[in-house]
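Next come two complexes built around subunit A: one with subunit B, the other with subunit C.
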Partner chain A sequence: MSFSVTEPTKGTKWFAGILVVAYAVITIIPLLWIIATGFKSPSDSIAYPPVVVFEPTLEGYVNLFTDRTRATDDMLEAAGPPQTWYEEIARARGTVISGPSRYGERFLNSVIIGFGSTALCMILGTAAAYAFSRFRVPLKDDLLFFILSTRMMPPIAVAIPIFLIFRNLGLNDTHLGMILLYTAVNLSLSVWLLKGFIDEIPLEYEEAALIDGYTRFQAFYKVVLPQAATGIASTAIFCLIFAWNEYAFAVLLTSGEAQTAPPFIPNIIGVNGKDWPAVAAGATIFLVPVMVFTVLLRKHLLRGITFGAVRK
Partner chain B sequence: MAQIRIENVRKDFGAFTAVQSSTFTIEDGEFFMLLGPSGCGKTTTLRMMAGLELPTSGEIFIDGEEVGQKPASQRDIAFVFQMFALYPHMNVGKNISYPLLSQGMPKVQVKKKVAEIAEILGITDILNKPVGGLSGGDRQRVALGRAIVRDPKAFFMDEPLGALDAEFREHMSEELRALHDRMNATTVYVTHDQLEAMQMGDKIVVMNHGVVEQFGVPQDIYDWPATKFVAQFIGSPPMNFLNFNGMVGTGSTEVRMNDISITVPEAREGTHGAITFGIRPEHVRLDDSAPYRGRVVATEYLGTTQIVTLETANGAVKARLSSAERVNVGDQTGLQFDARTISLFDAETGKALKSAANKEVLSNG
Partner chain C sequence: MTTSPIDQVAAKTPDGMARKIKGLSDRTIAWIFVAPTIFLLLAVNIFPLIWTIRLSFTNYRVNRPNNDVEWVGLRNYERILNDPDIWNTMQATAHFLLWTIALQVLIGFTLAYLINKKFKGNDLWTTIIVFPMMLSPAVVGNFWTFLYQPQIGLFNYIVAFFTGADPASFSMIGDVHLAPWAIIIADTWMWTPFVMLICLAGLRSIPDSIYEAAECDRASKWRQFWTITIPMALPFLMLAVLFRGIENFKMFDLVVQLTGGGPGNTTTLTSIDLKREAFEKWRTGYSSAYAVILFVTVFGLASIYVKALNKVKER
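Coming up: the complex of A and B.
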């Protein structure tokens, strides 16, 4: 058998394959569990031993998106037959739908705050990283260290000062406040990651653009940005995931207007006993945007996450 | 196309001076070589001419206009980078058209122009390819295409053949020279390869440690180097140096080296003390009757010629002789120097002493 340095042996391949599959299964089980639970009836969701095969129902989703009140028989009589499929599901439990729940709003808040802070973080981060990479910035190394040092403690350690600052500035429970907060937390990461990516882009490309008659700014966005796309995409994913999943500050700083989905989802439990399917449904829907975003940027991600090591 | 004049241009990077007060002129349509060893400031000089680096002091004139502090985008020049710097996110055609797009030229016209340039460079069939997979030669051609597409005032090239393998360099340098002759564009070409400079250049400026050592046509620089550095840097093997203590009087036509009188071109400048006697290998002949003696220590056969190394009282001398001549290691023999070709240098300053033979060359550089 010939021996090759680059081609692993069959045995190695099998071993690696099994390892990867096993890891994938282990990580994906909780996810599948959540998705499945969203389609279970409340009794199936708490059955022991757990049921794997069950009759799917949309009750969890209906409960997630609606507020319901327990109705007496008279009231049910007066309301007439159910008009829609979701009313039918609610009636089956002896309740009537009194209106939409707040999940939709909270979800929208998450979208606004998550994507808003990611976008802001990318704009500021790219500009700062470009400056650090290309210009002679006074005290550059100290500044970079200082920026990184904001990540050296858990952000929640400064919760109280931030709470007070937000209260005084009237930023409590506002979209703007949360966008600024998440941007501030993520910015150090994005500056550092993006600087690494921009450092990798040879200066000659910009110089070529300058020679070709473009201004410095045109050279930046026509030549540097397209080449930094990989880095920007992967950095954006990191920022979005953090902002999207952030729980502690959201609990602390938002309650109504600007509350995001993470602090809202656990609240669902309390409304009508232990409504696990509704919680699971909320979590499932909550997963979708990040998943879509990641899949859309997947092409860039693989190269990006290795931080430029496999470029060229 | 344009004349380019560099006057007392200096560049400091912090405390380090990369270029010290350079002055030279590139005439309209010239193929001009910036030659020097690594780190001597060639690239820095070129970048200042292009506007990618601003001079610390001094003036740069392109077409009579002082552009020293103007940004690159306003100088209307083209630059071919060492690694070509083709935009990796664009295909070949887009790369070539990019300088035209910045001028807002209409699409139809751009297309026509790009096709025309591709025709000249023989790259029509790769116009739609991404630049990533191109061979070195094709990259080179695309980079040239991007440079010539705009009819700029001048072309600047920083070791444009450096990234190609030896075999291809030869071919590409011919192509480059042919392209220049066809377009008659003022071209400034940076290289550390003296052979390349001699072969391709109409004129050469030789730099060392940020200082312009000499500038002029290749033949003049080869024959009448202004400094010991130039004499050593150009030619292979380089000029022979024989060091002695003595004197040269203004108007004299001989020097006495170890009490042997040697005829030299009539001196126009005198000195005494440490003097270096310079002679090119091809101007040394072996002649048993000559009074200046040496011993053969090595011979190197090169086909039609051979390089014979001799030991003398003043240092080693290499002679380029016909291969027909029979020379054996260990032979004691006399050395005859062609009197018309001798250069004398002040060993201390390294500067050539003016003589009747080199005064014209030295006065313009």
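Coming up: the complex of A and C.
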């Protein structure tokens, strides 16, 4: 091992390590609590003192995905024995499943709007970023700043006229409207991030391609795009996460048809008031994919959250 | 870049499409590439903003489309600036902003400093610490209401466990004195990693050679920290404050789910107040003026701050 005066001593490392691990454990507890609550029975979820060891049940998930009605004993008998494991769980509570809940649709809306806006955002963003990176665009700095400044507006501030415009165009509560809106919101991020990634690709590759007989467009999609693939992928994940998590526009502009999961999850109510296991189950299904993406993104995290201002 | 290689190249390309492209200068291509983005941003951001400004001079109400729309000049602005409720809201926002930024900078910088000691497995723990900030604030805010429940909530239980108080004796979101802290705690839990990541980048950007030189001069670790670490990490720290400042000035989703602005108006931040005016009371003209004031404030403060940031960077 090479000796360096700047290398922390073993003791320092242990000390720092213990403090950081302690913080990490404290910070992860609420998340683990959400996940655990999803597998609790309603009585366990509101037990005092809070229970850490419990018998796991899928009741929260069944309640999340189904609508149930209270049934009398006669009705239960008339309905016959439960056909599936989830019916059995519902029957144990004296209820019958009356149909699927809205959660599936809302989750699907989140997927459609998230992926739709991300795809559109990447197409527009890559093209614009390439132009800003490689061409002399008049007023380039002003345009780039303009693109960034759109992010400073409180969403509620532009929501009023967008609400009016959408109503006039019939875009209120539609997938298309939300996709366009989220694309616009995320464009600043994608243009700034992608410009940074494309700036890092040496100009020589394209020049060589052009001399070899490629057109500008060919050079763009056969040379630049593959080179920028990692950057494009991580930018796409960032756009997806932002669209996935967005709440303010979703709650103001959607109510049924195109409502995404974030405005829906808090309103999940059970038969006896707030059904916390079902809420937790809904949150778990919604949050865990983001955690997976975070792990995949960890190398580019810093760039993403600072719009490319800080590159490691 | 000149257009000549393209002309050469296009001349060699046989198909008709290429011949058409040959006619396109780089400038044209640049515009084709940039225009859709600019157009969409104009349509979804600038056009609505101009519309908001226009509405702010009227008494228009969305829920009464048949009423005559009157031009009221600056009256909306006057009423807002003289409204004590709005100043209370501003105060609540300032309280929230100052405390969240102070706590997040303090904890975030400390964490980054410790992680930079490069102990074994620091990557893994950094990733775990980062999780909260990637999640949906609305869903997280909703879940924190569960943690904050008196009696059954985990947060109350843990506080009670360490202080000996009765966990049912206090309600973080129901008490006028505690609610402002409830939102500060949740926001700090969520966004400290953001400040930490930026600070970490700042600390890692300081070359070892500077510390080596200081070590040769027998500067104490304490002195090194204040004369090397802090000044060199300061631009990054300021950048983190800028991002958090703008984001928390706009704060809506986390807090609206957590407290809904209550109890009373103790946690009614400006965005929540604006949403009530615009989408519950439907005072469109009035709330448009409100929105313009907020936007001008955030834009103005951010511009002053960026100037200061650039000065620090130049040093």
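Heads up, the rule we're going with is that the second predicted complex is superposed on the first by the 261 of 312 C-alpha atoms of A that agree within 3 Å, B and C clash if a C-alpha of one lies under 4 Å from a C-alpha of the other, contacts with A are read in each partner's own complex, and residues count from 1 in each chain.
FYI, a residue touches a chain if its C-beta (ideal position, glycine included) is under 8 Å from a C-beta of that chain, and two chains touch if they have at least 3 such contacts.
Quick caveat, the model's predicted, so the values are computed rather than measured.
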Touching partner for A:I269 - first (subunit B), second (subunit C), both, neither: neither
Which superposed partner A:E207 touches (first subunit B, second subunit C, both, neither): both
First (subunit B), second (subunit C), both or neither touched by A:A184: second
First (subunit B), second (subunit C), both or neither touched by A:M75: neither
Partner chain(s) touched by A:L169 [first = subunit B, second = subunit C, both, neither]: neither
More subunit A residues in contact [subunit B versus subunit C]: C
Contacts of A:V290 with subunit B and subunit C, given as first, second, both or neither: second
A:A92 touches, of subunit B and subunit C: first, second, both or neither? neither
Shared contact residues on subunit A - subunit B and subunit C: 207, 210-211, 213-216
Partner subunit B, residues of subunit A touching it in the complex: 202, 204-205, 207-216, 218, 223, 226-227
In the complex with subunit C, residue positions of subunit A that touch it: 4-6, 8, 12-14, 16-17, 19-21, 23-24, 27-31, 33-34, 37, 46-50, 124-125, 127-128, 130-132, 134-137, 143, 146-147, 149-150, 152-165, 180-181, 183-185, 187-188, 191, 203, 207, 210-211, 213-217, 241, 244-245, 247-248, 251-252, 261-263, 265-266, 276, 279-280, 283, 286-287, 290-291, 293-295, 298, 301-302, 305-306, 309-310, 312
Residue ranges of subunit C touching subunit A (in the complex, touch as defined): 1, 5-6, 8-10, 12-13, 18, 21, 24, 26-27, 29-34, 36-38, 40-41, 43-49, 51-52, 55, 62, 107, 111, 114-115, 117-123, 125-139, 142-144, 146-147, 149, 151-154, 157, 167, 189, 192-194, 197-198, 200-201, 204, 208, 211-212, 215, 236, 239, 243, 246, 249-250, 252-253, 257, 270-271, 274-275, 278-279, 284, 287-288, 291-292, 294-295, 298-299, 302
Subunit A contact footprint on subunit B (complex, rising order): 50-52, 71-73, 77-79, 81, 83, 85, 87-89, 98-99, 102-103, 146, 150
